[in-house]
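After this come two complexes, each holding chain A, first together with chain B and then together with chain C.
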Partner chain A sequence: MASAVTTTSRGQGRGRAGWVWALPPVAVLAVVLLYPLALVVQQSVTPDEGSTSLTPYADVFASESFRSALGTTVWLAVGSTVGCLVLGFALALVIAFVPFPGGKAVAKFIDVFLSFPSFLITLALLFIYGTVGMANGVWTDATGASEGPFHFLTTPWGVLLAEITYFTPFVMRPLLAAFSQLDTAQLEVASSLGARPARIVRKVILPEALPALAAGGSLVLVMCLNEFGIVLFTGAKDVTTLPMLVYGKAILESDYPAACVVAVVNIALSVGLYTLYRTVSRRVGA
Partner chain B sequence: MLVHSRAGKWGTWALFLLLFVPLFAVPLLVIVAASFSTNWSGAFPSGPTAGNYTAATSGDSLQALTTSLVTALCASLLALALGTWAALAAASLRKPGKRLLDALFMLPVAVPSVVVGLAVLVAFSKPPLLLNGTRWIVILAHTVLVTAFAYQSVAAAIRRLDPMYEQAAASLGARPAHVLWRIKLPLLLPSLTAAAGLCFALSMGELSATMMLYPPDWTPLPVQIFAATDRGSLFTGAAVSVVLMGTTLLVLLAVSRIRTRASYR
Partner chain C sequence: MTGAAAGPAASGIRFDRVSVAYGGNTVLDRLDLTVEPGEVMALLGPSGSGKTTALRAVAGFVRPASGRVYLGDRDVTDLPPHRRGIGMVVQQYALFPHMRVRDNVAFGLKARKVYKTETATRVADALELVGMSAYATRYPRELSGGQQQRVAIARALAVRPGVLLLDEPLSALDAQLRSGMLAELARLHRELPDVSILYVTHDQVEALTLADRIAVIDQARLQDCGTPQELYRSPRTEFTASFVGNANLLPVTVGSGTVAFAGRDLELFTTDATAGATATLCVRPHLVGLGDGPNALTGTVTEVQWRGSTHRLYVDIGGHRVKADLRELREPPALGQKVTLHFAPEDAVLLPAVDQSAPEAVTATGGAHG
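Presenting the complex of A and B:
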């Protein structure tokens, strides 16, 4: 009993000293992030006259541009995430279970790919599928037509292609880590019992990969919701996502209350999803 | 081994290359190829030139490169200091406190970068802290954004640390500060340099918050690339992009060399 008491009191002492050490970084974070975010929320309920009201929310929610931006953001993010999951799973499957010379180099390449900014993908796509790019050039040379058939870059499909390209490696990395811990003996046993590859993938590999897929997928979903560079570089007038709307309202129109309202909606959406991601990945230990 | 037949294996590999090469390798190659040309309206670029690099390494673009390097260096060092301190402090807390610190320091990952930019702009455009229009507002925003990644990787490294070393040192009478300085930090050094490299790369490529904040005399490389492509100089933009990728890779390589030397110690 006595020992239990001393342990608790020591634990409390440790906790208090720990909090003293935790205070300085938390204080810095409060000044540079929490206070600014609080100001955004405050600004969003304070239209120019200075009185508190919810009219900015009513105005923004009623506007057509906000509704379409919200719709575009969500369907682009969901579409990209599904694309990344399917593509990332297929590619990681080959790297891990049908190994080939150079597979290590491919995994390294993916790590390097992750350290480049996203807008480079859109820039590259401009050269490949742009109005005077590679694909259209080949088409006009081959058929003699005055212009090529590829005009999807300035539509949501161009953004979707760029996002799938850029974010797939974020799914592949946790998958490759999960696959490297899978006991290959299981596969050999299943295979020697006559299971075909499709069945092995479905019955043995997929269940093992689910936690990594869930973690990678929800991370990519959050990142797609927040993506700005890819959309900005496509330069399409009719593809507006929530981050683009924040930028447009604040910088191009100087309408700060409206920008802050959109920002609050965007924060709610992505912080909510991110909390879900953390809960999922903690529960599955990925 | 999932596929056993020879034909099946080759078929799988062919499918892999068919997906992998156009999606991931071609975009990077295309940017490099475009940076050396003046025109691209066929299967291959035409008009080979090194002129884009003359434009990309002089005048505004050169200034943008130094701007980016200074910003990334300041931001990653500040973020590393802040993130490491927070991660070490969190490790000595019990569960609820650790959870709280995790949530606070991971917040910049979840909040969209554009919104972080907007928040910093709103908060630091008025007294008492008037930073708008100076380079410090850009450096501050970059620090906020990359701190989360520094915190995350250092916290993960602390979890992997064997507590035996510090317990042994403490049982031999070493004071906490001594244990931290001589045991914990040296053991964490490889992860610290890796985190620094990650922060540097992220800051070099940061565009979203920077677009909200940059003053005219402090334009980092990504903004310069956007300005070039926006006015139609795609090929100059490609050359500046190659400079950006090259610099990032060089710094990552240098950082990984520090890491290997440290891990042999």
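Presenting the complex of A and C:
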């Protein structure tokens, strides 16, 4: 009994000590992240008059520009994610299972690529496909035409290409990690049992890569929803996403309540998708 | 759904001077070996000897630098693995973790587009053969190592291969399970007498227990080939004598009708070597007796090991370490004690001293020793 009492009091002491240690990081988190977030939410329900109201939400939701930006944001994010998943899976397959000279260097480059800023990729694409880029230059030199045929970079397709180019390595990284864990004997046995390569990919590799695909895909989806730099750098005037709308409302129009409403919607979308990802991945045991 | 590949595949394997090299390093050197239809051939050798490479050459996972591989009468050297019609079981089983047991077993049948109804029947048959019918809906992670092994075997047998490749299939199991699975494999082979089995192992007990013939491989070369009894009783090389049964190998000089060892003349039955030549005398430790007898040798005990039912003595005789496995002794000799060992002339084999730098190539076809 005495030992039980001692154990309990020790446990309580440890619990109290734990709280003490947890307080500083929680406090820092609250000041640095949660407080500004709370201010954004507060501003979104505080119209210019100063009273608390949901009018900013009603106004923003009723506006065509918001609905268009929401639609553009979602389709670009979903399109980019699908593109990244398909391209990332194919590239990771080749790097992991098709031996070629420099394969390891390419795999290492993927890690480096992840540290690049998004605008850098967009800038590189501008050099290639921009109005005065290499591709158009080659075309005009070759044909004598006054301008080249490549003008898609300032359209949603250009944004899509830039996002797929930039975010594909974010899918490849977890996939390569998953492939490195895959028992290659499974692939050999599958082959000895009569399965062709396509069937092995479909029936053996893909199912085992699903958790990694889900992890990479949801990360890319959330990042695409919040992407600002790529859309800005492509110079696509007609492509307005939610982050661009926040920028426009806050900086160009000084409409802070509306900007905060759009920001809150953007946050809700991201958090909602993240929650969905966690729920799904828990169910599939990822 | 054609079911075209559902029939039994060609049985028997033939290696025709197969060499495999990785970056200039030869890992299998001119292997000539024939596994007859329905025969169990064990490839026995230490790690890195080339035995798994030989199996992988049959499976199609390594391409020979030279030579041809035949399954039955068919040259499969240039065929991809999925067109060879083999069954394969590997060390860690390699079950597909996301599939249930029945789907694992059905994998090869579906890949070969066997009719659905026939697939179901054959999956049930294969699982029954290995005693795993009750586990059809389980996932591999819900099975023990031995059960996973059975499923892996069922998966390989469901496609009715003419050739079954087993790559160290029991090495991941504990000793007790291994013994049980050996008996299971022997039973399976009795039930499937037409299937040729190539069994890669470094465990001599597995090879001796299961194989019709054993091919001993070392340093990328076939060293010896014969029935377990032949290899055990009259090995051709020192390596075989040492690797199969851990024999005593004593350097001797051949005399007229006898051999000289440590200043003593020993009588043997096999003394066809030239008088005056050096040779190696091979005596199994369990055929060495303690006390006086024919071919008695006296030496000093350097180590005594109690092994439950036996004692192993290490005795220094003329600077050579001789091993003797004796039924458990009531009063084992002490270290440093002088003891006399003996062996019968018919229990010793005389091996020619072979130049190890250029071992003679061994060609092994059905039934022939060496």
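Following the convention adopted for this analysis, the second predicted complex is superposed on the first by the 264 of 286 C-alpha atoms of A that agree within 3 Å, B and C clash if a C-alpha of one lies under 4 Å from a C-alpha of the other, contacts with A are read in each partner's own complex, and residues count from 1 in each chain.
Basically, a contact is a pair of C-beta atoms (placed from the backbone, for glycine too) under 8 Å apart; a residue touches a chain by one contact, two chains touch by 3 or more.
Since the model is a prediction, treat every value here as computed from it, not as a measurement.
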Dominant toucher of chain A (residue count), chain B or chain C: B
Touching partner for A:25 - first (chain B), second (chain C), both, neither: first
Partner chain(s) touched by A:208 [first = chain B, second = chain C, both, neither]: second
First (chain B), second (chain C), both or neither touched by A:86: neither
Touching partner for A:185 - first (chain B), second (chain C), both, neither: second
First (chain B), second (chain C), both or neither touched by A:125: first
Which superposed partner A:193 touches (first chain B, second chain C, both, neither): second
Contacts of A:278 with chain B and chain C, given as first, second, both or neither: first
Partner chain in contact with A:256 - chain B first, chain C second, else both or neither: first
Contact residues common to both interfaces of chain A (with chain B and with chain C): 188, 191
Interface residues, chain A side, partner chain B - complex: 11, 14-15, 17-19, 21-22, 24-26, 28-29, 32-37, 39-40, 43, 87, 90-91, 93-95, 97-100, 106, 109-110, 112-113, 115-121, 123-128, 130, 132-134, 136-138, 140-141, 164-165, 168-169, 184, 187-188, 191, 197, 200-201, 222, 225-226, 228-229, 232-233, 235, 242-243, 246-247, 250-251, 256, 259-260, 263, 266-267, 270-271, 273-275, 278
In the complex with chain A, residue positions of chain B that touch it: 1-4, 8-9, 12-13, 15-16, 19-20, 23-28, 30-31, 34, 40-44, 82, 85-86, 88-90, 92-94, 97, 101, 104-116, 118-124, 140, 143-144, 147, 198, 201-202, 204-208, 211-212, 222, 225-226, 229-230, 234, 237-238, 241, 244-245, 248-249, 252
Contacting residues of chain C [partner chain A, same complex]: 5, 59-61, 80-88, 90-92, 94-98, 107-108, 111-112, 152, 155-156, 159, 165
Chain A residues within the chain C interface of the complex: 183, 185-186, 188-196, 199, 203-204, 207-208
